[in-house]
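A short worksheet on the structure shown next.
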Amino acid sequence: MIAFVLRRLLQSISVMLVVGLIAFSLFRFVGDPINNMVGQDTGDKDRAELRQELGLNDAFVVQFARFVGNATKGEFGVSFRQGRKVSTLIAERLPATLELSLTAATLALLVGVPLGVYTGLRRESPLSKLILALSLVGVSLPTFLIGILLILLFSVVLGWLPAFGRGDVVQLGWWSTGFLTRSGLRALVLPAVTLGLFQMTLIIRLVRAEMLEVLRTDYIKFARARGLANRAINFGHALKNTLVPVITITGLQLGSIIAFAIITEQVFQWPGMGLLFIQAVAFVDIPVMAAYLMLVAFVFVVINLIVDLLYYAVDPRLRIDRALAGGHGG
Amino acid sequence: MTVPSNRPPLLQLEHLRVEFPSRHGTLTAVDDVSFEIAEGEVLGVVGESGAGKSITGAAIIGLIEPPGRIAGGRVLFEGERIDDLPYEKLRRIRGKRIGTIFQDPLTSLNPLYSIGRQLIETILTHTSLSPREARQRAIDLLSEVGIPSPAQRIDHYPHQFSGGMRQRVVIALALCANPRLVIADEPTTALDVSIQAQIIAVLKKLCREHGTAVMLITHDMGVIAETADRVAVMYAGRVVEVGPLREVVKHPRHPYTVGLMGSIPTLRGSRARLAQIDGSMPRLNRIPPGCAFHPRCPRAFERCEHERPELINDGPSWTSCWLYAPLARTGSDG
Amino acid sequence: MAEERLAPLPAGAFRAALFRAWDSDICYSFRRSPVTVAAAAATLLIFAGAGFAPWVAPHDPFDLATVSLLDARNPPAWLPGGSWEFPLGTDNLGRDILSTILYGSRVSLVVGFASIIFAMVLGVSLGLVSGYLGGFVDALIMRVAEVQLSFPAILVALLVDGIMRGIVPREYQDQLAEDVLILSIGLSFWVQYARTVRGSTMVEKSKEYVQAARVIGRHPAAIMLRHVLPNVMGPVLVIATINLALAIITEATLSFLGVGVPPTEPSLGTLIRIGNDFLFSGEWWITIFPGAVLVLLVLAVNLLGDWLRDALNPKLR
């Protein structure tokens, strides 16, 4: 058990280092950092001095080590575009994105899993076919289009919900939350549904496919041959076996919600990190891009780790045979 | 219709017919199959892969996968018809009065649950024992099938057992509610040869002790020879011969059975070469008219090509071969 | 006897082959499913419209001489204020929506297809190399794949796009934007192909005929190509159809976000973005029609992909 955790931790760290390398390379090789920071009329001598001061003449490895050291402290330098510290910018925007993502993920799971199970168990019912048809449409709708349609219906036509911004927020320490105000909650509805819908349809289809696969196995056949009640078979055996592989994939999906938030934030002008990132890409604001990258990688790695640990806890085969432990990726 | 025995039949199959509609036409996997199993008796059902043995077993307990369906005939268990029962009634018979053993013990057990959980769940479904009593019964069953240290191993998971041990667990699961009949579908095929004998011994012992009848489906004549009281030989979805074990093995009537017995390698006695039946069993959608075996039969004659033979009595055996029709007997063998 | 069999009539043989294909399991399941046929029809329609845009479109929306602000913001023909000259209405610059949709579909489709082909070539090659060489190369490629797989395509595409933007000198950016887009989308999709092909390659590599070939002296790689490639074509095609839908969505999303194709050659995504600004003032058609076509296209491709997957899956037959 300990060996397993240690190994996964080491893997995670190496992934972070690789991402860090990419982020760092962005700094060094994409455009000239000096050019991005100073005006055009700064003399060459000043530039050379600045270069020396910032340590840009040191060896690659030294610079990289410095970068990593700074990164672990949350120090990413100053945004080219806004001139403010990147860490401050991120801290301001992070709560918005996290609250949105969490709400969307919860929604996707709470609705997606039961629907997926239902369509797996009752394959031929008209409701199942309807849900599947809708889920197919859901997968074909790009997230931004869903957002636009929802805005059209609920903001423009019906006028029930706001289409932009986050509403009023309450400041708790450095965290600003929209959960505690009515306008904050109302502003959360459309973006959360938009963000969660795509994930939800994916979950429905995934759970259904897994369920169908499980229902075809020999142990289900044997359970039937033993005369077990349908409820015991479907919810005792089939469900548990379905959910185990679903955990991994869903976990990874949840990580990607944070990235998909980029689109939703653009559509709804939600003041989160995604919006920040878009603006950074358009402007080639390297520090922000690098910081965002590292942060997202960190979240992914943490989620992956948790999923692996969960898997380990749920699947008894992994506990004994350590050789299997690392190898289930999709 | 079948061999008269001095005990009332536990299971009766009458003209059972199982069809699978498909794009290429309707495939008849089981075609007019009739036989009986008496209480406590072991009937071996033998034949090549694809002869319809497993499907017959599945049909008895109503586990044919759609679009397959029972298209004709009747299945009677303890005198009552069970092929037309609604799902719930049939479910109550499964496990409790008819047990089943499948071929692959690894995939028959849910890998995420301990074997104790799977045993206790089955016991609780079919009996009115309390959970604690059920657990004790499970432990007793495990020791009956020969699992060492059952009180500890009951909480282990399937992957922690070897193949032979797993199949013993499967046997325990099939027998835990004390059924009157067990359908064993290729119970030893997936196991090492050295383990096969052990498993068969366990099965035999338990069934003898509890008076359970067995329908032993296999393509391995060696297993049949060890275990069965009577044998039914199937070919292309039909029964070609039924009779007591000694009769069928020593005095096979049907030419297919003759070929089957002749193709068994034996350590005793010298045989110059293994006999072999030319050709292969026809595919289900290309079954020849008349007797299904006639294209490969060394003794086929004109009647075999047009008329499908029914089961004809010849001494203690029954065989579906025109060679044994009362008037056409040429007295060539016995 | 032999001569008779050696020279069948070419026309007859072709007809016979066609009939066999028509009667095969794949075509059969295709014909049996009305939804799939409808999907195929819709896809063909959009492809045809996009492909023949210059001839089919009633106007050329990019010829500034024909576009006039006086026509701007006209509603579709069946609403008051509209006319059949602009069947689906006009946008804020006076361009005919139907025409912009036709041209826009073209861009969307070209980028979508090109990026998938790129991803396929890259992924299949890397998969073959990785599976065949094994060892360090394999481990390296698979590590990269694993890391990349945890990031959604959109993020990878955005990243590559951003990097390119930083590297490519400003003068060439508009010209190369489309190629950069294809590159970035393609780079975000190669992993699935690589994994599938790698798996099959490893299976084939361990088979005896490869050892035998080595003994004879033939280069095993060539033989593996002959055997591995046909085996993986099925799954690769299925992946490609699913990915095509995703690629089209990704391109539309990137264009919507403003980092996709340049505004001089708008794709469906760009059109939707432009129209978005006019939602609140009631001119819904500028965004809804391109949106509808996008959805239809992706839906049709998804349906085809679903059908292809079911048709090629031996377990379901």
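Letters are used for the chains, namely A, B and C, taken in the order the chains are written, and counting of residues starts over at 1 for each.
Note that in this section a residue touches a chain if its C-beta (ideal position, glycine included) is under 8 Å from a C-beta of that chain, and two chains touch if they have at least 3 such contacts.
Please read all numbers here as calculations on a predicted model, not as lab measurements.
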Pairwise touch network: line, ring, star, complete, or other: line
Pair of chains ranked first by number of touching C-beta pairs: A-C
Centroid distance [mean C-alpha coordinates] between chain B and chain A, Å: 54
Interchain centroid distance [CA atoms averaged], chain A/chain C, Å: 25
Chain centre separation in whole Å, for chain C relative to chain B (CA means): 53
Where chain C touches two or more other chains at once, by residue number: none
Chain A to chain C touching residues, read off their complex: 15, 18-19, 26, 29-31, 136-137, 139-145, 148-149, 151-152, 156, 252, 255-256, 259-260, 262-263, 266-267, 277-278, 280-282, 284, 286, 289, 293, 296-297, 300-301, 304, 329-330
In the complex, chain A residues that touch chain B: 217-219, 221-230, 232, 236-237, 240-241, 244, 314-317, 320-321
Of all residues in chain B, those that touch chain A in their complex: 61, 63, 91-96, 99-100, 102, 104, 107-114, 121-122, 125-126, 157, 159-160, 170, 173-174, 177
Residue numbers on chain C that touch chain A, as the complex places them: 143, 146-147, 149-152, 154-155, 158-159, 161-163, 165-167, 245, 249, 252-253, 256-259, 269, 272, 276, 279-280, 284, 287-288, 291, 294-295, 298-299, 302-303, 306
